[in-house]
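Paired with subunit B in one complex and with subunit C in the other, subunit A is shared by the two complexes that follow.
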Partner chain A sequence: MIDFLIGLFLASLIVALFTSRLYRLLFWYSLNSLTLGLLALFIGEELDDKAMLITGIATIVIKAAGIPYLLKYLSQKFHLVRQIQPEIKVQYAIILIPAILVFTFYLSEPITHMIRSGSNDIAVSISSLFLSLLLMMEHKNVAPKIIGFLCMENALFLLGITATDGMPMLVELGIFFDLLMAIVVINLLLHKEEANQ
Partner chain B sequence: MMLALLIFPALMMFAVSFFKNKKAKFLLPVTSFVILLPMVKLFMLPKPYALWGSYLVADRLDTYVLLVSSIVGIGVTLALLTLEKHVRVSGNAYRRFYRFFAVFWIGLIVSILANHMGVYWIGLELATLSTVYMIKTNHTSAAHKEAWNYMIVGAIAISLVLFGIILMYASAKPVLGEDAMQFDLLLAHAKEIPSPFLFEMGFAIATVGMFVKMGFFPMNLWLANIERASFYPVAALFSGILESAVIIGFFRFSKIAMEVNYSHLFVFVFVYTLLTIFIVSFLIFRAKDFMRLFSLSGVEHMALIALFWVSGGTFAALLHFGAHAFLKPALFLSTGVLESNGKYRIAGALRGYVGKRGTMFWFLVSLFLLAIISLPPSPMFFSELYGFGAMITVAKESDHMLAMIGAILFLLILLSVIFYRFVAVYQSMKYEGKEEEKHVYTSEIFALLLFALALMALLLPQTFSYLRGIA
Partner chain C sequence: MIFYLFTILILLLLAPLLLSFIKALKMYLLFKKPVSVFQGYRNFSKLMQKETVISEESSRITRVAPFLVLSPLLVTMFFLPPVVHGAFYVSFVDAFTLTGLISLSTFFLMLLGLDSASAFGGMGSSREAFIAALVEPAMVLTVFSVSMMAGDLGVGQAGVNLAMHFPKAHMASFLFAGISFFILLIAENGRIPVDNPETHLELTMVHEAMILDLTGVYLAIIETAASVKFVIFASLFASLFMPFGLQYAAPAAMLLFVLKLFIIAAAVALIEVNTAKLRLFKVPNLLGIAIVFAFLSLITFYVLGA
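Presenting the complex of A and B:
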């Protein structure tokens, strides 16, 4: 089940890279977060780690439901452009994405030997980090860049879960708090975005 | 109790920022003054002093950085009193600036006092996010674009730091368990880390994230453009306070990395900082306005601090850090007057000052400009002497003495390019251009005097012995 969820996590991010509609992108981000939350729940149960279970629930509530809903609300409030065409053409992206995946699997090989947990999980989280960066780079609009940043945060969260069997609870909650703060700041920045349009 | 005292003034500032009464404007700087009191108290307490279990622990290094930052904060709020006299700023934007300044303070206190990698990151992220809105208080398209730019690039940089922290934590977790996040325990058990390669990789990634945040290679112009687009007090906060929170993280991580493998750390930081100074020196040579000039000079100084630190010149690095933290905000704040009415001209910027305040202003700015290029008796002159001395000492202990002398000579050539540019700028400011009358306000003079006094305090024998004690 964990392998399936990790595959789904990566797949949702890859599909997000080809998406040209804002709401569809929000859906893929939501699915990405949902798989991450479920992963935390499964791994937490396997390790009998209550902190990770709480983190998993918080991920599902905040990241899979709360943030996508809030971003959709903000995009409606500020009339953000919903047609978000990636700058990298599909034919190039088809070559680039597998190249990134192969490169990161190769790059993370020495690290995976040093970490006891599943080696592929770490490679997937590092490749997700690069793919999230690509998502930020391939769009000119602000909204996909925000989602790229949120996906990057998800990738780091996955790395935290897989490489370290979970970070301390305080750190996980702190990251959630900072994420909410980021949403507040994004809201304030979008006020001007509306005025500029 | 002490932690509550430290955070209370920031909470007070946050609350006062909601008052719409015009007199509240004068109350806001008072809250900034109040921040200094618990800082001084903390500075006097015996170290290490646990503020919140093992998460927040005050030691000699972080109380020094916090004291310096609180003095800079007072200077900035003094200059903020007359912000509307130099630039167009609405009352609402002004209050919001303080609201986020309060959040910034809380993030800063947490990150500087953190004895825990995760808590450090949370504080740094909070401080970074709160500065995004400060950039946007300037209602121009350029500032708006740069606020987004800062949000996105800052988020990438801070994510790199978290990525590095996770790897470092993973490397030490088999030995220390969940305590592998604590700086002091990591330092004590650095030699026992089972996978040093993983730790070093995490350190390198976190360091690149921190260096990007400070405008090092390859993001040299990133910070300069942001500071150009925002109001001058924001630039002063960036250079005097936010960078302090970043560099203290570098100090802490590198202390552990020194124990893991010193030569790897030294070569990595040495090459990175040298490359940064190489590029920055030519960018400074081409800079055509004050903000970019001072911002790029700030990058150069942060690179020197990192270099001195890894060379074992702790005293030199901390002295240089203190001098930079006071000098750069002083210069950024003076740009409000130097660029009166939005004029970016360098020529004649130090002319046209009348009265006692005017004379005092150009005199102090001249001193700061000459101090920033390390002319004696600037603290930077002494810190560079000690710093280069530390580099030679490191080389003596290795087999690379000639390479180090070559590198120091190369560095001196680059520093002389910067020196030449600053002297040329100073001459242009004082002896060229048209003479136009400029207004200097009392609060600005107080801010500059505060920085001048703080700089002089850095040269006191007591300060020297305190800084040597940190080493």
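Presenting the complex of A and C:
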């Protein structure tokens, strides 16, 4: 089941790379976060780690429902451009994405030797880090860049829960607060952008 | 042996029913009065009784091609994975053979379109060639990757292996292959994001443009071929990507398989209702996603073993 969710995580990120509509992109981000939360729940149950269950539920509530809803509200409020055509053409992206994946899968091999369990998860999370970087690179508008940033955070979170057998809950909650702060900063940024127009 | 032949017969009988089911479900979801699910059989019997008219410009190919469109698909039906435990099946046919047979049928369909000597036929054929050229590599990659996971290159044997001991460790690459194959199922059967099977609008049609000149028996054969193609893809999807229920007793396993086919048809109908048709030059993007997922499934299987 964990492998299935990992696959779904990567698949939703790859589909997000090809999306050209903002709300569809928010949906893929939400699905991405939902699989992440379910992963945290499954891994937490496997390790019998109560703190990770709380983080998983928090992930589902905040990232899969809260942040996409908030971003949709903000994009409606500030009349953001909803047609977000990727700057990198799909033909090139088709070659680029597998290249990135193969590269990172081989790149993460030395790391995976050091860790006993879940070595695949580390390779997938590092590759999704690079893919979300690509998502930030391939768009000019501000909204997809924000989604790329949030996806990158998701990838780091996946790395955290799979590589370390559960971080202290305080650290994870700290990350959540960081994320909320980032959303507030984004809100201010959009305000400023509107003022400039 | 009896189960083998019985399965093929059931699939052949179900083929028009599935397409009519998709149409009826779509109409129901769009708040129209749905057609009967038996409309496929009615169309078939009506077309069989009608007079067959052949254009003066067309050559001998038009008389031969409809049979050559149907026959590779009928041969493919004999190579599908078994539905019932203990049934006879052909184990040695691999991804290349299946794809080759299906593209042989597509090739004759394209010839048929060109042979009608109308502007529409050539246009439809060129579009079909465009789509088929993108579908084939992805299909070979996907089926190949699934057969690697199952541990046997033969598609029939792979279906049995998957159902008997499912590779739980390879769930991620299995999922990628499943996504890829579902996109191919939609593209190869000319369902909505790629081709609209219901309109005769010149800008959008692919499959309908090629068969525009056909009448009577020939049209009935081509429509049967289209429904058989759908049932082949659906049953490949059901036995390779929903591999459970093979161990039950024969009637239960058969019923479960038919139920799976209807679930796939319902999924296709839901996608058709919810998406708009893609522009023709956007179709390579969709099939590109299929190729990315097929490739991804292979490399996750090889490099990560996941």
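Simple rule for what comes next: the second predicted complex is superposed on the first by the 194 of 197 C-alpha atoms of A that agree within 3 Å, B and C clash if a C-alpha of one lies under 4 Å from a C-alpha of the other, contacts with A are read in each partner's own complex, and residues count from 1 in each chain.
In this section, a residue touches a chain if its C-beta (ideal position, glycine included) is under 8 Å from a C-beta of that chain, and two chains touch if they have at least 3 such contacts.
This one's a predicted model, so the numbers in the text were calculated from it and none came from an experiment.
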**Report entry** subunit C versus subunit B on the shared subunit A, clash or fit after superposition
**Finding:** fit
**Report entry** Partner chain(s) touched by A:15 [first = subunit B, second = subunit C, both, neither]
**Finding:** second
Query raised in the report: Of the two partner chains, subunit B (first) and subunit C (second), which one does A:4 touch, if any: first, second, both, or neither?
Result: second
Query raised in the report: Once the shared chain is lined up, is A:62 touching subunit B (first), subunit C (second), both, or neither of them?
Result: neither
Query raised in the report: In the superposed arrangement, does A:111 touch subunit B (first), subunit C (second), both or neither?
Result: first
Requested in this report: Give one of first, second, both or neither to describe whether A:175 is in contact with subunit B, with subunit C, with both, or with none.
Outcome: first
Query raised in the report: Does subunit A have more residues touched by subunit B or by subunit C?
Result: B
Query raised in the report: Is A:47 touching the first partner subunit B, the second partner subunit C, both, or neither of them?
Result: neither
Query - CA minimum distance (subunit B, subunit C), superposed complexes, angstrom - result: 19
Report summary line: After superposition on chain A, the subunit A residues reached by both subunit B and subunit C are none
**Report entry** Complex contacts: residues of subunit C adjacent to subunit A
**Finding:** 168-176, 179, 284-285, 288-289, 291-293, 295-296, 299-300, 303-306
Report summary line: In their shared complex, subunit C is touched by residues of subunit A numbered 1, 3-4, 6-8, 10-11, 14-15, 18, 90-91, 93-94, 97-98, 101-102, 105-106, 119-120, 123-124
Query - Residue ranges of subunit B in contact with subunit A within the complex - result: 55, 103, 116, 118-119, 121-122, 125-126, 129-130, 132-133, 136, 139, 141, 144, 147-148, 151-152, 155-156, 159, 162-163, 166-167, 169-171, 173-174, 178, 181, 194-195, 197-198, 201
Report task. Using the touch rule from the top, collect the residues of subunit A that touch subunit B in their complex. Result -> 110-111, 114-116, 129, 133, 136, 142, 145, 149, 152-153, 156, 159-160, 163-165, 167-168, 170-171, 174-175, 177-178, 181-182, 185-186, 188-189, 192-193, 196
